[in-house]
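One chain, subunit A, links the two complexes that follow: it is found with subunit B in the first and with subunit C in the second.
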Partner chain A sequence: MTDPTSEILMFQVGARVFAAVVHDAVRIGAVREAAADELVVETALGLPFSRERGIVVATQQAEVERTLVVDQVVGIRSVPESDVHPLPAFAAACIGSGAVTGFVMVDEAPMLLVDLPTLVRERAGAAAPA
Partner chain B sequence: MPESKPTTEREGKAAAEESADAWFFCLRMLGGRYAFEAPLVTEVVRLGPLTRLPAAPAFLPGVFTHRGEVLPVLDIGQLVGRTAVPIRASTRAAIVHCGPWKVAVVSDAVEGLVSIPRRTLEPPPAEAGGVAEFLSAVGRDRAGTVAILDLPRLVETARARAVPAGGGAA
Partner chain C sequence: MPDVQKPQKKPAARAARNGKASAASPDGARLASYLREVAGGEYGARLDPATFADPALRAVAEAANAAVEHVAAEAKEARARVEVVTAGVDEAIEAMIRLVIQGDLSGSLRLGVNDAALTPLIAGVGQVMETLKKFVTEIREAALQLSTSSAEVLAAATQNESSTSAQASAIHETTATMEELKGASHQIAENAQMVAAIAEQTLSGARTGEGAIKEFMGSMEKVRHNAVEVDDAIAKLSKRVERIGTVVEVIDEIADRSDLLALNAALEGAKAGEAGRGFSIVAAEMRRLAENVMESTKEIKNLITEIREATHAAKEAADGNKRMAGEGEKLGGNAITAVTGILAGIQETSDAARVIHLATQQQRTATEQVVQSMSEIEEVTRQAQAGSKQATGAAAELTKLAERLAELVKRFKVD
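Then we have the complex of A and B:
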């Protein structure tokens, strides 16, 4: 009997690679295909070096999509659910972003697991006028 | 007088407690010796590679995996506005349980268990701010002075000072 698995999407922002649950991404596309006001460039994950690839994310508002700008989409990987860990309680209570939800062990190294809808929502909230 | 016996026993017990040693767990950091209640420590480990967290306060330099568990690292130096504890391959950390929180406290060196006669424990200096804010007592043993930290209060203060989720930047 095999472990249940999760499909994760791995992407790079700046020098680091992050993971997200595949179904959080609507599609992968080129940044030039998205309207400027839909782009989410700077987030808690930092700034991408380039602005060519984007991960399209659905928001809570119906029919509103945001495109998270990333340096590259590394790929999709199936990982055993036993390799997915929540953020330690103390870390979750201290960090300034609710988008980092845990870790995925990839090749025995922890990779940050990011909730994409929360990430783009936080940025939209931070960018909204007071 | 039979009625006085329980009182005498209580007084005797109190006197024995007063003269007994208290056990603390001692770390070297911030240029001195700091200790906290020994039962808070579950183990001492060598830090693995740190994974830094986005939007994390300076006192939380990252997390590491230990026996399949992801543990947050607490740098007390950064919390109290002093220099960060250098994190190297040889850096060791004490894993502590403080209420609901489990953290790995990094230090320059781990001294281990120390016993301090309770009668030598004195109130901390009346300084405001810095690490003095978290001292519960100052004691002495053969190796010198030991500052006793109220670690649960320190950890809880760290959490309270952190930027709440959703309210910070990278």
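Then we have the complex of A and C:
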């Protein structure tokens, strides 16, 4: 009997690597092939440098997708669910974004777990006119 | 009277000739004896006529006495005149001797004796004195001139001696200088020979240099030709590299799409859960391959970049080589021109050095002859110097003699 696992998508923005649940990503595409209005470049995770990859994320509106611009998609990994932890309250209070939901231990190093739809939504909310 | 006297005189004269008185006439004998005394210069005795018996003898005696008286008086008078004349002659001689001894010829002879017989003597002495005066005057003038001339001769001889000494010194110095000049000529001749040899060596070296420059120019031509070929090769290489770059871009694009595709495959596999596990493994493998390809293309890009930089540097170097080769050829041409000029100059130098060598050899020979001549001149000058010293000594002696003569002549007063 093996422990249940979670499939996470690891991507890099700037110098840091983040993790997301694979089901949050519709697909992975190239930034140059995406429409400009679909791109989400600057988020709570920071500003990407090379901007080579885009993680296509579905929104609440049907047939509307957003592409989160990242520097690199590191890969997909299966991690035990025991290594997935919710964000401590103190950390949640310190982090201003609700997109960071927890952290996952990968190779004995903590990696922030990001809710991609929330992240894209926050960015869309921040960019929308008042 | 003559008739009377003749018979009387004949016996007396005959008796006188016979030297013996007639025994028959003692008075005659006495008279004869007396006359013999008178004839002997004895005039002091007298006959006593009274003692003569014969009147004729008496008269003869008286006449003899008278004659003796007369002769004695005349003899006395003659002796007196002789004494006077003798005294005048003595006085004249003494006066002349005194005048000569005292040297006073200014006056005339004055005698205490005044006798007509002395007049010629006085006149003669006067003429002698006049002649002496004239001689003394002429001798004085001659002595003065001699003194002046001897002084001039002495001065000239001294000057000549000094000049001869200076000349001897100058000739000695000239001889020494000529000796040095001879040594210098020898040195110059050797140096000229050395210069000629060095010029020959330099000429040979310059000809070698000319050949080397020509070879250098040939090498520069080859370098320029090679640089052109290298430039063409670099241009071809650059085009090939560009093409490789294009191919690598395509490969990279394909790898990127493969990576993207593998990512999406892995994503879908992961979403499929356990069912997509194998699919995820294959996708992961594909992605690893794609990443390897991208890594390789990245390295190739880096290499291409390095090749581009190297090609650019090589092209610049080739251009520089072409430019430098062109400048080298130009400089080689200038060097050839310069070396040609240098060769001509060295040839002229060599010829000139040879001519100088010959000239200096002739100069050395001439200098040696001059030195020989100067040595002979020096010897002659030395002899002349000795002669000048002798002449100076003789002139000094002559001056002393002239002064002595003048002093002697000064003793005679003629004015």
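We adopt the following convention: the second predicted complex is superposed on the first by the 129 of 130 C-alpha atoms of A that agree within 3 Å, B and C clash if a C-alpha of one lies under 4 Å from a C-alpha of the other, contacts with A are read in each partner's own complex, and residues count from 1 in each chain.
Basically, a residue touches a chain if its C-beta (ideal position, glycine included) is under 8 Å from a C-beta of that chain, and two chains touch if they have at least 3 such contacts.
Since this is a predicted model, take the numbers as computed values, not measurements.
In the three-chain model built by superposing on subunit A, subunit B and subunit C fit together without any clash.
In the superposition on chain A, A:P110 makes contact with subunit B only, not with subunit C. By the touch criterion defined above, A:E7 reaches subunit C but does not reach subunit B. Looking at the shared chain after the overlay, A:E81 reaches neither subunit B nor subunit C. Touching more residues of subunit A than its counterpart among subunit B and subunit C is B.
Taking the C-alpha centre of subunit A as the apex, the lines running to the C-alpha centres of subunit B and subunit C meet at 90 degrees, rounded to a multiple of 10. Using the contact criterion defined above for the overlaid structures, shared-chain residue A:F90 touches subunit B, although it does not reach subunit C. In the superposition on chain A, A:V73 contacts subunit C only, with no contact to subunit B. By the touch criterion defined above, A:I28 reaches subunit C but does not reach subunit B. Taking every C-alpha of subunit B against every C-alpha of subunit C after the fit on chain A, the minimum distance is 26 Å. On subunit A, the surface touched by subunit B in one complex and the surface touched by subunit C in the other have no residue in common. The part of subunit A that touches subunit C in the complex is made up of residues 7, 9, 22-23, 25, 27-30, 53, 73, 75-76, 78. On the subunit B side of its complex with subunit A, the touching residues are 49, 51, 53-57, 60, 63, 65, 69-72, 74, 100-103, 155, 158-159, 162-170. Every residue of subunit C that touches subunit A in the complex is listed here, in rising order: 256, 260, 263-264, 266-267, 269-271, 273, 280, 284, 287.
Put simply, subunit A touches subunit B in their complex at residues 42-46, 85, 87-98, 100, 102-103, 105, 109-110, 112, 122, 125-126.
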